[in-house]
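As written, the chain order gives the labels A, B and C, with residue 1 at the start of each chain.
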Amino acid sequence: MSLIIDSVAKRFARFPALNGVSLNAPQGAFVALVGPSGSGKTTLLRILGGLEEADSGSVRFADLNWLSMPARERKAGFVFQQYALFKHMTVADNIAFGLRVRPRRERPSRGEIRDRVQELLRLVQLEEFGGRYPSQLSGGQRQRVALARALAIEPRMLLLDEPFGALDAKVRKELRVWLRHIHDKAGVTSIFVTHDQEEAFAVADLVAVMNAGRIEQYGAPADVRRDPKTKFVAEFLSA
Amino acid sequence: MSAFGLALTPMKLRQRRVLPGFGLSLGFTVFYLTVIVLIPLMALVIRPFALGFGGFWTEISTPRVLASLRLSFGMAALAAVIDSFFGLIIAWVLVRYRFAGKGLLDALIDLPFALPTAVAGIALSTLYAPNGWIGAILIAHGIRIAYTPWGVLVAMTFIGLPFTVRTLQPVMSEQSQDVEEVAATLGATRLQTIFRVVVPMLLPTLLTGTAMAFARGAGEYGSIIFLAGNLPMVSEIAPLLIITKLEEYDYAGAAAIGVVMLAAAFVMLLALNALQAWAARRR
Amino acid sequence: MSGKFQNPTQDPLLLRIFLSLVAIGFVALFLVLPLLIVFKEALADGLGKAFAAIIEPDALSAVKLSLLAAGIAVPLNTVFGISAAWAVAKHDFSGKTILVTLIDLPFSVSPVVSGLIYVLVFGLQGWFGSYLLDHDIHILFALPGIVLATIFVTFPFVARELIPLMVDQGRDEEEAAISLGASGFSTFCRVTLPNIKWGLLYAVLLCNARALGEFGAVSVVSGHIRGQTNTMPLHVELLYNNYDYVGAFAVAALLALLALLTLVFKTILEWRYADELAAMHRH
């Protein structure tokens, strides 16, 4: 049930975004991809989510040939920096979306959907907000809705692209502790992209420091901090 | 958008006017607006009430006037719906697809704006006449367009199309695609994404374009009269009836219809403002 | 692997083809065919006949009248548009929203109603009717009426294109110029005008096209005197109703060529100055 990323490469028109990235993570791990902008971390995340096509390489997850599946079948809950909430739907409808679009055979009943939405609203501490629209929420609340929406489909994997990037420092700190708590409760494998190394090291089990389309170093936060393997990692950590 | 608005707020509080020419430009603007638009419109609004409200009602409630109003507004609504359906598809194709000749297709959309309505009128009339290119095909199937109310619909559809396409296009191209990506990761098929996410998000804009096409169609005259046959009670539009009444020196009767059309235009303007406010709230 | 990947923001190939064909088909049927038929009918009896219909004296006088009316209406509305945009975009005052809505009003008024209001002001039974008659001043059924109606229907063009453009550009540059000691007039000429020149040209182009092609409003006030008060579109109507189809379509083709020329210029402007014009389409 572990995640095995093997030599994934991606080239955009002008520059290589990923130069053969390999990474293994056990089931239920919380992995942070950290690095400066343009290091390829978001590209890797989007490839895992099925939003971008890899030029070469393979990914195995839960014994599935992951890259051959379309985004819609991967059950990878994706959370965007700018929330990407459906602005024309209430919070509850946003959360229920992933359940309502299932084929009729797999779709839970209306009552089951309602219960599941309530449960998720409680989980993200927005019980009173189900009937509101996204425009009526604060940034931190919106990101919690986005997370609840991703969790509603019982994802195999959670992919978070700078989820707190648009929030102020205080809210960021609260939310990351809370995110870790949710991750542990849900028991999914989470990949978390951030440019903020402090955030990455505080929340993740494993940290991959990326630079120019490569993973410079990958390991437990304490190990990486104690023993930076490259000049880049050392400099990045001291920044 | 809201950050931009916040940044502007302090400027509003500034007391001193930095840039010159305020009095002159605003004065001229208001003067010109009053002379060209407001005073003549006032002449229209006052006119039918010279007869009192009862007189106004008598003018409006004749079967011929009611039929013409029903035709103008009814067909304009239908044409606006057709335009919004095809306008949505055309705008989507123009914004999201790439193919040879797209630039030409894009430029052609404005044709009904640029082409004089009389030219459009005689062209449509020739096309849809029973011996015309399209008319001949339709008549073979028992469908008659020219000189029937359906001619009104065809002309209004022609005239309204650019409104829906040009309203949708900029909003579509600025709409971030991450909601579509998120829908896919949540398990939606492409069609579910289009019908449950993309189209509903465009709804305020789509309605705005529809309202504009409707307003234009309801008031349209030039492109219709050549095609519609102008039969009283059947294919006579309200603007034509105004002209007919003017030619009979029935100024009060003409003004009464004009007031109804002006009132409808006002209602549409209010509706458009409300739609815009709705769209802005969603951002 | 590459063949299998489904881009979640791209429609499936079949849907792309289907929607593209719908869009192209609708535009071809509703927009391109009417344009083609104009030229086909104009040249039905050969180029010579079409040309003769255009240089015939009544047609020429219609061309002259149209050019004259547009030649007066467009510059006036341009001055108004610049003035209104300067007041609205560069200054703060209360009632701005109402002013902008009122400027837009002529767009939502039916062209026939636009003509009607001037009849009600200047016509025999109108406000100034008897005064004008006593002093032998001709406004209706003469050039002034035609110009007024043309001004009314093209009233908002320049203002509504320039206002969003100038709001978007802000006030910093003008304020800097003033602080450096420039006069208001030279600030406008050296700072504002260079920034809006392409948008202004764009707006004038559209305003001009509409002024030359206006039919409904002018039809009400012109009196339809052949060779005297007939503009080009009115001349088209007259010839068409007299069953002179080649003549009608020849003049119509001339108008259609002008429309196409406008579209070409407009498209060139949009391609070359896309960034500068973007603000105008974002309102």
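Here is the rule we use: a contact is a pair of C-beta atoms (placed from the backbone, for glycine too) under 8 Å apart; a residue touches a chain by one contact, two chains touch by 3 or more.
In this text the structure is predicted, and so the values were computed from the model without any measurement.
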Seminar exercise, completed: Using only protein Cα atoms, the chain sitting most centrally is B
For this session: By the contact definition above, name the pair with the higher C-beta contact count: A-B or B-C.
Result: B-C
For this session: For chain A and chain C, let me know how many angstrom lie between their CA-based centres, rounded off.
Result: 52
For this session: Would you mind pulling out the distance in Å between where the CA atoms of chain A average out and where those of chain B do?
Result: 45
For this session: Round to the nearest whole Å and give the separation of the Cα centres of chain B and chain C.
Result: 16
Seminar exercise, completed: Residues in chain B with touches to at least two other chains are numbered 181, 183-185
For this session: Would you pick out the residues of chain C that each touch at least 2 other chains?
Result: 8-9
Seminar exercise, completed: Each of the following residues of chain A touches two or more other chains, namely 50-51, 70-72
Exercise. Okay, in this complex, where on chain A does chain C touch?
Worked result: 50-51, 53-55, 67-68, 70-72
Problem set entry | Contacting residues of chain B [partner chain A, same complex] | 176, 178-179, 181-189, 192, 196-197, 200-201, 203, 281-283
For this session: Would you tell me which residues of chain C are touching chain B in their complex?
Result: 8-12, 15-16, 19-20, 22-24, 26-27, 29-35, 37-38, 41, 79-80, 83-84, 86-88, 90-93, 99, 101-106, 108-113, 116-121, 123-127, 148, 151-152, 155, 171, 174-175, 178, 183-184, 187-188, 206, 209-210, 212-216, 219-220, 232-234, 236-237, 240, 245, 248-249, 252, 255-256, 259-260, 262-264, 266-267, 271, 281-282
Exercise. Which residues, counting only chain B, touch chain C once they are in their complex?
Worked result: 11-12, 17-22, 24-26, 28-30, 32-33, 36-41, 43-44, 47, 86, 89-90, 92-94, 96-97, 99, 103, 105-120, 122-124, 126-127, 132-134, 157-158, 161, 166, 169-170, 174, 177, 180-181, 183-185, 190-191, 193-194, 215, 218-222, 226, 238-240, 242-243, 246, 249, 251, 254-255, 258, 261-262, 265-266, 268-269, 273
Problem set entry | Complex contact set, residues of chain C against chain A | 1-2, 4-9
